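As structure tokens, here come the structures.
After this come two complexes, each holding chain A, first together with chain B and then together with chain C.
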Partner chain A sequence: MEEETHTDAKIRAENGTGSSPRGPGCSLRHFACEQNLLSRPDGSASFLQGDTSVLAGVYGPAEVKVSKEIFNKATLEVILRPKIGLPGVAEKSRERLIRNTCEAVVLGTLHPRTSITVVLQVVSDAGSLLACCLNAACMALVDAGVPMRALFCGVACALDSDGTLVLDPTSKQEKARAVLTFALDSVERKLLMSSTKGLYSDTELQQCLAAAQAASQHVFRFYRESLQRRYSKS
Partner chain B sequence: MKETPLSNCERRFLLRAIEEKKRLDGRQTYDYRNIRISFGTDYGCCIVELGKTRVLGQVSCELVSPKLNRATEGILFFNLELSQMAAPAFEPGRQSDLLVKLNRLMERCLRNSKCIDTESLCVVAGEKVWQIRVDLHLLNHDGNIIDAASIAAIVALCHFRRPDVSVQGDEVTLYTPEERDPVPLSIHHMPICVSFAFFQQGTYLLVDPNEREERVMDGLLVIAMNKHREICTIQSSGSEMQ
Partner chain C sequence: MAEPASVAAESLAGSRARAARTVLGQVVLPGEELLLPEQEDAEGPGGAVERPLSLNARACSRVRVVCGPGLRRCGDRLLVTKCGRLRHKEPGSGSGGGVYWVDSQQKRYVPVKGDHVIGIVTAKSGDIFKVDVGGSEPASLSYLSFEGATKRNRPNVQVGDLIYGQFVVANKDMEPEMVCIDSCGRANGMGVIGQDGLLFKVTLGLIRKLLAPDCEIIQEVGKLYPLEIVFGMNGRIWVKAKTIQQTLILANILEACEHMTSDQRKQIFSRLAES
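Right, the complex of A and B next:
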């Protein structure tokens, strides 16, 4: 009896191989995104990368506590909840990384003395969690209509002990020598945030960054198609 | 963020409609909203949608030492979290009353009704037992959290598989999912909570109140029952009923 008042765009994008100087397996996993699936938040999105799934909800611009208000821009808050157990230090650090990325992109000066809250819930974790959180956060901010100067996406890559580069690693592949996650913006593919874990050389960092930039093309094309599908009259 | 206050005219409109036996979404007095249950890729992960109310449930297990006064029983732990995504008013410090009430009701409904066989969770008496942890996250609040949460909890528990364990004398072997198939929990019965909202000084009740109806109701009655027509829990709060 309930009318479907929201439209959802379920797009599957098969991604081709990203370019990389070495190794085969450099393709991104299967993506899916659904927007506007929750009725209470101003914007919401669910992003799936292979088996990793994150649900994001955005409230804002909304009322802010006087202790937290900033006189000339919006206060951005990011909350990441794991599926099992209470949030710990790892979640706090990821929240900070995501918040820094969003602050670089969101036009906070248009809404001074307000708060924009991004709440992320991990639905399933099968590798590249931070990248998936970034993608879900971006889609949710778009769904909420928060003004941004660019879109952003997260791409993760893992470096094996013999130097093979794997984009969008699964949990097994993440047990490699190094795992690097980058946040890239959509205008010029510039680097917004990078979070790395493990041992790698200077040249390897540049190679990973180049591969991530190439892969981000696919992600942004997927965003565009997903939004086009949602807003077109069909 | 503060909860948006309910305007007087909206309150009057809802109460008048209820007096005339009409509900805003067109349901009848005893109609439930549509329920959709979907499962995730891990064992014990499920998402329940009761109308627009959405709850994510995940079950996990761990080997721990048992409680001192219950050396041969496993431990069941429930944790319901009202995520800030569910409603703008659910801030970390501000929801303690509702949270405690819901958690306590979940515990009474699921642990005290002995729906899970805790004796079967014992591995080595007095030393190692399984601790089953059920984490429930409310994702969207459109009324009747307790029903959606109880469905999510029991569905997740039925879906869950724990790793197989074998005991030979003093040796305990824990098998990975690759070595031996994981084993389901032994569940005696499935209690489900049903909520009734009371209006007009307790003379009229509605099943499965949505968020607006919950705001204007006089009182709430929650009954947990299973398939065998046994009552597992009853809780009544708010004003008197007749």
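Right, the complex of A and C next:
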């Protein structure tokens, strides 16, 4: 029942744009992804980025309560459970960001009056949690066979007080001047969602976005390799 | 792993649509666009190609291609919406350019018209039975849709019974409806499934594999024990053998078939045949 695809993806991406003082070679942490590991949900995936790990399960298209049904498209619900404690306001706000990203990508009009539920469980948090949640949600949606118009990925970056850009920051690196998380789509690397915290200038935002777009290629290549490995077994 | 120079090239490669013919049998991801055969000539050199305008009344040389599961039409290209292997079937006789579809692995069933499915009766309200088929809504089954059923002669269907039927109405906008007779009014194997036996669930891909013509698994299983078996396209299989133990063995074999190679399967069958 387990189809493991542990791909060693320690990647260095040189950022070619901009001239602000940044360290050369921003690197993403080691990725790993496992699909179809849970037996009850229609689709499930576990995504690891360094030490951050999120488990996602997707149920759908399934029955929906009459009060929540939408007449012309599917009702998308995201539930995010933290590792310890009860879900609070921060989880609710992340759920909404993930839901908006998924709604932009999932073809809900093919399944009106149904519900598609994404349940995310944080297994360990060592930085870039929102980006890891987005990646796990995308892999789980693909595993469940929900029709989508594109794939999406999440990339986080942190800006130091001296302007250094660090992609995929760890918890220690997240105590920086600003942390920006972007969700990008796979067709044209367009921006689907951005969530930022801290102080940064306009040019720095553009630089972070460009760095995230370059890094997202590696994430999409990793998706492609892990999905090809999964289908090559059958 | 990635050279900086190739990063830029790959960004261009990712966004260019590929010809459907060249991708057959490969894994495609959601978001990819595929070109149909007659458009490749225009796209070849990468720009607008001047074609001589034909003045005689020749029929348009466009071929009609059917877009199967996992693909959507997007302008004059095909957009992939599910992950899986791209397949193509040549047209049987003349017309059209065949069917393209994506072979994906899924657990959740979406009702499709004409599919034969196994359902469980969950409610009886007036003249209609509500049948759970594993989709987003229960399907409705009228009591007159059984062979030989009339208003005086009602079929003997209770809540909890297993029904093998086919969909006559199944689209995204309406509640699915199923019947247990074919277009001639005969049951043709459909109706209430008998007593005993075991119902279990497998993935949709395994059902399609088992129902493909010349499937070795079914022939080998048939040689092991005498059995009755019903396959529902919604991922449900009902199996019945002489004893409970044999039924359970068959259920376990069919569930495990998905992950075994043919050699492992032959080993297991030979071991069972001996005992």
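FYI, the second predicted complex is superposed on the first by the 209 of 234 C-alpha atoms of A that agree within 3 Å, B and C clash if a C-alpha of one lies under 4 Å from a C-alpha of the other, contacts with A are read in each partner's own complex, and residues count from 1 in each chain.
By definition in this document, a contact is a pair of C-beta atoms (placed from the backbone, for glycine too) under 8 Å apart; a residue touches a chain by one contact, two chains touch by 3 or more.
Remember, it's a predicted structure, so these values are computed and weren't measured experimentally.
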Note to self: Taking chain A as the common reference, can chain B and chain C both be placed on it without clashing, or not? Answer clash or fit.
What the structure shows: fit
Checklist line | Partner chain in contact with A:Gly198 - chain B first, chain C second, else both or neither | finding: neither
Next item on the list: Report for A:Leu110: first if it touches chain B alone, second if chain C alone, otherwise both or neither.
Entry: second
Margin query: Which chain, chain B or chain C, ends up touching more residues of chain A in the combined arrangement?
Written below: C
Next item on the list: Would you check which partner chain A:Ser53 touches, where first means chain B only, second means chain C only, and both and neither mean what they say?
Entry: first
Next item on the list: Quick one: classify A:Glu63 as touching chain B (first), chain C (second), both or neither.
Entry: both
Next item on the list: Quick one: classify A:Ser124 as touching chain B (first), chain C (second), both or neither.
Entry: first
Item checked: Shortest CA-CA distance between chain B and chain C [superposed frame, angstrom] -> 5
Item checked: Residues on chain A lying within both footprints (that of chain B and that of chain C) -> 1, 62-63, 115
Check: Where on chain B does chain A make contact in their complex?
Finding: 1-2, 25-27, 33-34, 40-42, 45, 47, 51-52, 54, 56, 58, 60, 81, 83-88, 133, 135, 137, 139-142
Note to self: For the complex, give me every residue of chain A touching chain B.
What the structure shows: 1-2, 38-41, 44, 51, 53, 55, 57, 59, 62-63, 79, 81, 83-85, 115, 117, 119, 121, 123-124, 126
Next item on the list: Flag every residue of chain C that touches chain A in the complex, lowest number first.
Entry: 1-2, 4, 7-8, 10-11, 14-15, 27, 29-31, 70, 72, 79, 81-85, 104-108, 110, 135-137, 172-173, 205, 258-259
Item checked: For the chain A and chain C complex, residues of the former touching the latter -> 1, 9-14, 16, 36, 42-43, 60-64, 107, 110-115, 142, 144-145, 147-151, 185-189, 214, 217-218, 220-221, 223-224, 227-228, 231-232, 234
